[in-house]
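Please find the structures below.
Look for chain A in each of the two complexes below; its partner is chain B in the first and chain C in the second.
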Partner chain A sequence: MSARSLAILAALAAGVVLLAFVPSFTNGYQLSLAINIVSYTVLATAWTLFSGPTRYVSLATVAFFGIGAYTVAVLGEVMAWPLVLLIAFGIGFALSLLVGLSTLRLSGVYFVIFTFGLAELVRQLVTWYEVNITRTLGRYIFIDVTHAQIYWQLLALAVTVFISGWLIQRSKLGLALRVIGDDEAVARHVGINTTMAKVVLFAFSASFMTLAGAIMAPRWTYIDPAIAFNPVVSFQVLIMALLGGVHRLYGPIFGVIPLVMLFEILLAKFPNHFSILVGVAFLLIVYAIPRGIVGLIEGVQLSLRNAKGAGA
Partner chain B sequence: MITEPLLSGITLGGIYALIAMGLTLQYGVARIMNLSYGESLVAACFAALWLFTAVSVNPLIGLLIIVPLAALINWLVYQVLLMPLVKRAPSRDALEVDSILATFGLLFVAQGIMLAIFGGNYFSYSFLAVPVKIFGATVSAARLLAFGFAVVIGLALYVGLTKTRAGTAIRAVAVDPVSALLVAIDVRATAAFAYALGGALVAAGGVLVSMFLTFNASLGVVFTMKALIVVIMGGVGNLLGCLVAGMILGLTETFVATYVDPGLTLAATYIIFIAVLLLRPQGLFGARRS
Partner chain C sequence: MKFNGKVLLGVAAAAALAFSAPMLSAQDAAPKSIKIGYAISKTGPNAGGANITQIPNYMLWVQEVNAKGGLLLKQYGKRIPIEVVEYDDRSNSEEAVRAVERLIEQDKVDLLLPPWGTGINLAVGPTFNKHGYPQMTFSAVTDRAPELAKRWPNSFWFLGTSKQYIDALVELMVKLRKEGKINDQIAMVSVADGFGIDLSKAARAGFEAAGFKLVFDKSYPVGTQDMAPIVGEAERSKADTFIAFSYPPDTVAIVDQARLTSYAPKVMFTGVGTFFPLFPQRFGDNAEGVISLGGWSKDNKATMEYREKIRKLVNRDPDYWGSQIGYSSLQMLEQAIERVGKIDRAAIIKELQTGTFDTVIGKIKLENNMPKDAFWLLGQWQDGLYVGVAPQRPGVADLRVPKAPWKK
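Moving on, here comes the complex of A and B:
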């Protein structure tokens, strides 16, 4: 490892340690904003982990997030917390394997369509189950956990997502995914098992989303299917990732921070027109900055370097 | 009594087929994967409701107002919103991804507008709600009439696409846009026309659906999903496939709702979808792509 990458590593580690102290110098409102930022960072980065290199747009973020939350609502009071998280991870993994194995052998459009309706399907199934079997639509979550503890868990999860993403990029799987993203036919011809690579990565990405939902669940105290599977969450995650830039793992952070702030303001000032405004913001991003903020910065750097090269 | 769900299933399936025909035009010809498709349908439902309750215009006359308006709006959406994406896309796959993102944004804008105006409540209006007896089963007259109109519109579309010059051009673009260009077909204008035509069909479907179903502002996603599944099951661009697949979906849903549980219809839809993906991803009548 070179001196430069060691320095970067040290700086990142120091940054994480610094972030861990956020709860001790923020008030309640600021901490809840910080929780939102970290949780959307986890979701948007997990989204990018799969959809960035493969370019398969997943619209099912909230299906997995909501499943995590529901796992906690059902099991949270009867089992030890680490066991609940493990089960949430397992359910997310199993469901994403099912989705992946039925759609990812085919072209990307089937995957998009499947994920498009998935949250609605899970919501209706949970509703059906609660109405017919348990006979109550809502559930209360009484778990003794402070906001600071939620924040630390999310921070740890975010670090895990980044480290996994970094390891995957350096592995054979990461190389395979980049080839698939560039040209899937070529990838198959050089002997890459494209379906396997995509399914494994999708399963990891979805399980991280499920975990984020599980960790966030105690914040609600009351959940019902409409709250846990709110489609706007999938939409927000997609916007944040695209604004930041999906061709780099750290890209989404640049979208998450400004947009969490923006949505906070919009939700407070225009609660009835929220989804219209978010939709308009999204269209602006798709049309004006298709490669995201990171893409924009890299473009500027490239042209500066070219200008320098031409001058010398 | 099996004739009752059978009859409901067939009438519902006919309307699903009509709705899916519009989507197959938008996706098969214009290459736009339109995720806001169901929102057009719900908007047409609300337009019909408003015409009926506020200005007391019969929904069948409403069709004459709403359908051309929907065609115009969809044409404008294509020209203003989607044309920049068509021009910038280096390949068909890139256009697909861009159109998915853009129409996903459009979905939230359209849904948000309808939620702001009408709220989240369910709506319906009572038009021709008289029971009719056929083969011993009871069906509402509005439902039968809606089915009849769906059949007429579907047939007109089929004849139009196979017997007229414009229809032939549309089919040519669906098969191969590059070769279509070589025989002097204006591909972009044809795509815009097909997109508008698809919008007109879904609006017609919306008006017909509003005559006998209750609807609310956030129902669009479910209709988009159903239309997509019918299109894939029938084979993209295949009108006959839409008809057969629409019938399968309509009948399955009605039977599940009658004999199992009304809350599980979407689950049944998904099971069909998974079966299609596993067994015949190219669709019932689609040719296997090389």
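Moving on, here comes the complex of A and C:
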């Protein structure tokens, strides 16, 4: 390891330690905002983990997020917390393997539509089960966990997502995925088991989303399918990742922070015009910065370097 | 030294000054306004309900209090106007939690008004509780209400539990059966969502315990538009009683369908929407005899005035269930604040729990943070007014059974 990468590693570690102290100098609202930022960072980064290299646009985020929340609603009061999280991870993993195996042969817009349908399918299945089997639609979650604890769990999860993403990128799997992203036909021809690679990555990405849902659920006390499987979450994650830039693993952070802040300001200043202003913001993002903020910065860096080269 | 009158007078004057000094300074320190905040669904699936039952009440109450000059606080010896801080929770629990935290921590509001709906009120419950703000919900029906009131003593559950509505319905039906007006068969349909599931579950237990037979019992998904099969099957079941725990669009579709096929059960109960102003507008004389939740007092001047004020303000009627109760809860809050005389939330909660209050629906005293016998649980459209028919309390209207045949 070079001195430079050691220094970067040390800086990142110091940054995480610093972030861990956020609950001790924020009030409840600021902590709540921090929780929002970290949870969307986890979701958008997990989304990018799969969708970035493969360029498969998924709208299934909330399907897994909601499954995590429901796992807590069902098991939260009867089991130890780490066990609940483990089970949530397991359910997310198993389900995404199943879904992945049956659908990742689809590509392009078919995949987008399928993933959107998946979230709705899961929601309807849960509703059917609750209506006909348990005969009660809402579930109560009374788990004593402070907001600071939720924040720390999310932070730990975010670190895990980044480390996993970094390891995957450096592995054979990461290389295979980049080839798939560039041209899937070529990838198949050079002997890459494209389906396997996509499914494994999809499963990891989905399990992290499931865990995020499980960790967040105790904040709500009460969930029903409409609350747990709110499709707005999927779209927000998508737009945050796109704004940040999906060709780098750290890209989404640059989308999450400005958008969370923007939503807060819009909600506070224009409670009656929120939806229309958010729509305008989304249009601007897609038209003005198609490669995301990270892409924009890199572009500027590149042209500066070129200009320097030309001068010399 | 002898104490003469002059000295005593001087002492008295000094004492008066000494005691009045802090009062004067307190008056100087009186805030410009009392900040009252709320996060409510202005967009998303909950916006419809919030706009009918809740938001007009908030607007009216703030307008009326401020027209008087504000809330009278003894602490400052004067009225202080209300300043409103409002957010949109976008019908999302997480947004609601954060908006309430923002109201408390950033905006430092003095008091909070509740959001709309059972789910979101439960989501923000822990936050209200942690910071000790009274939470006077009037759009949440949950069978856990008594347990919640114990867990969060600052929370008030005005609409109570689904069981209390079903108990009232069963009682009415038992009486009708005893009088030989109906047989013991019931056809019941319910929407597969929170409201329909909770009430049909309670109803199943209640009716069976009272010896009724559910000859038809079916749930349908939210958003079902064609009610012909369901109403047809209910008609063929030969039950005298038809009960639908439905949402507004299905309520309208069911009544439309029943009118179309001239299906006239002796007792006809439909769900949310029946007590909305749109119901008589749409069905006119055919609304006569339909039963549902809530209810309105026939001869209560205060509620009639209240209805006029809401009409003037938002150009439509309030609903005939939660609206008047919600407005009454705001009147209670106002009286509790003025009795305490300052923004002392713990004392205000205590006063709400123990005091007796004058409201548009009459005197209210809470018991375990819920009103008891303070409002109508069931109502029926009679002569163009949605009157209360249960429980048995002063002003109760006699139930009209069988329902009049449909006019085409």
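Quick notes
FYI, the second predicted complex is superposed on the first by the 297 of 312 C-alpha atoms of A that agree within 3 Å, B and C clash if a C-alpha of one lies under 4 Å from a C-alpha of the other, contacts with A are read in each partner's own complex, and residues count from 1 in each chain.
The definition used in the following text is that contacts are C-beta pairs under 8 Å (C-beta built on N, C-alpha and C of every residue); 3 or more make two chains touch, one makes a residue touch a chain.
Just so it is clear, the model here is predicted, and its values are computed rather than measured.
Residue contacts after overlaying the shared chain place A:S275 against chain B and chain C alike. Look at A:V131: by the touch rule set out above, it reaches both chain B and chain C.
Using the contact criterion defined above for the overlaid structures, shared-chain residue A:L267 touches chain C, although it does not reach chain B. Touch criterion met: A:T103 reaches chain B, while chain C stays clear of it. In the superposition on chain A, A:Y140 makes contact with chain C only, while chain B stays out of contact range.
In the overlay built on the shared chain, the residue A:I227 is in contact with chain C alone; chain B does not reach it. Of the two partner chains placed by the overlay, only chain B lies in contact with A:L121; chain C stays clear of it. By the touch criterion defined above, A:T195 reaches neither chain B nor chain C.
In the superposition on the C-alpha atoms of chain A, the part of chain A touched by chain B in one complex and by chain C in the other spans residues 127-128, 131-132, 232, 272, 274-275.
On the chain A side of its complex with chain C, the touching residues are 27-30, 32-33, 36, 127-128, 130-132, 135-138, 140, 142, 216, 219-224, 226-227, 230, 232, 264, 267-268, 271-272, 274-275. Here chain B touches chain A in the complex through residues 33, 35, 81, 84-85, 88, 93, 96-98, 100-102, 104-113, 115-116, 221-222, 224-225, 228-229, 232, 261, 263-264, 266-267, 270, 273-274, 277-278, 281, going by the rule given at the top.
Touching chain B in their complex are the following residues of chain A: 55, 57, 59, 102-103, 106, 108-110, 112-114, 116-117, 120-121, 124-125, 127-128, 131-132, 231-232, 235, 238, 242, 272-280, 282-283, 286-287, 290. Those residues of chain C lying in contact with chain A across their complex are 42-43, 45, 86-88, 90, 92-95, 97-99, 101-102, 104-106, 118-119, 122-123, 125-127, 130-131, 142, 144, 151, 192-194, 197-198, 201, 219, 221.
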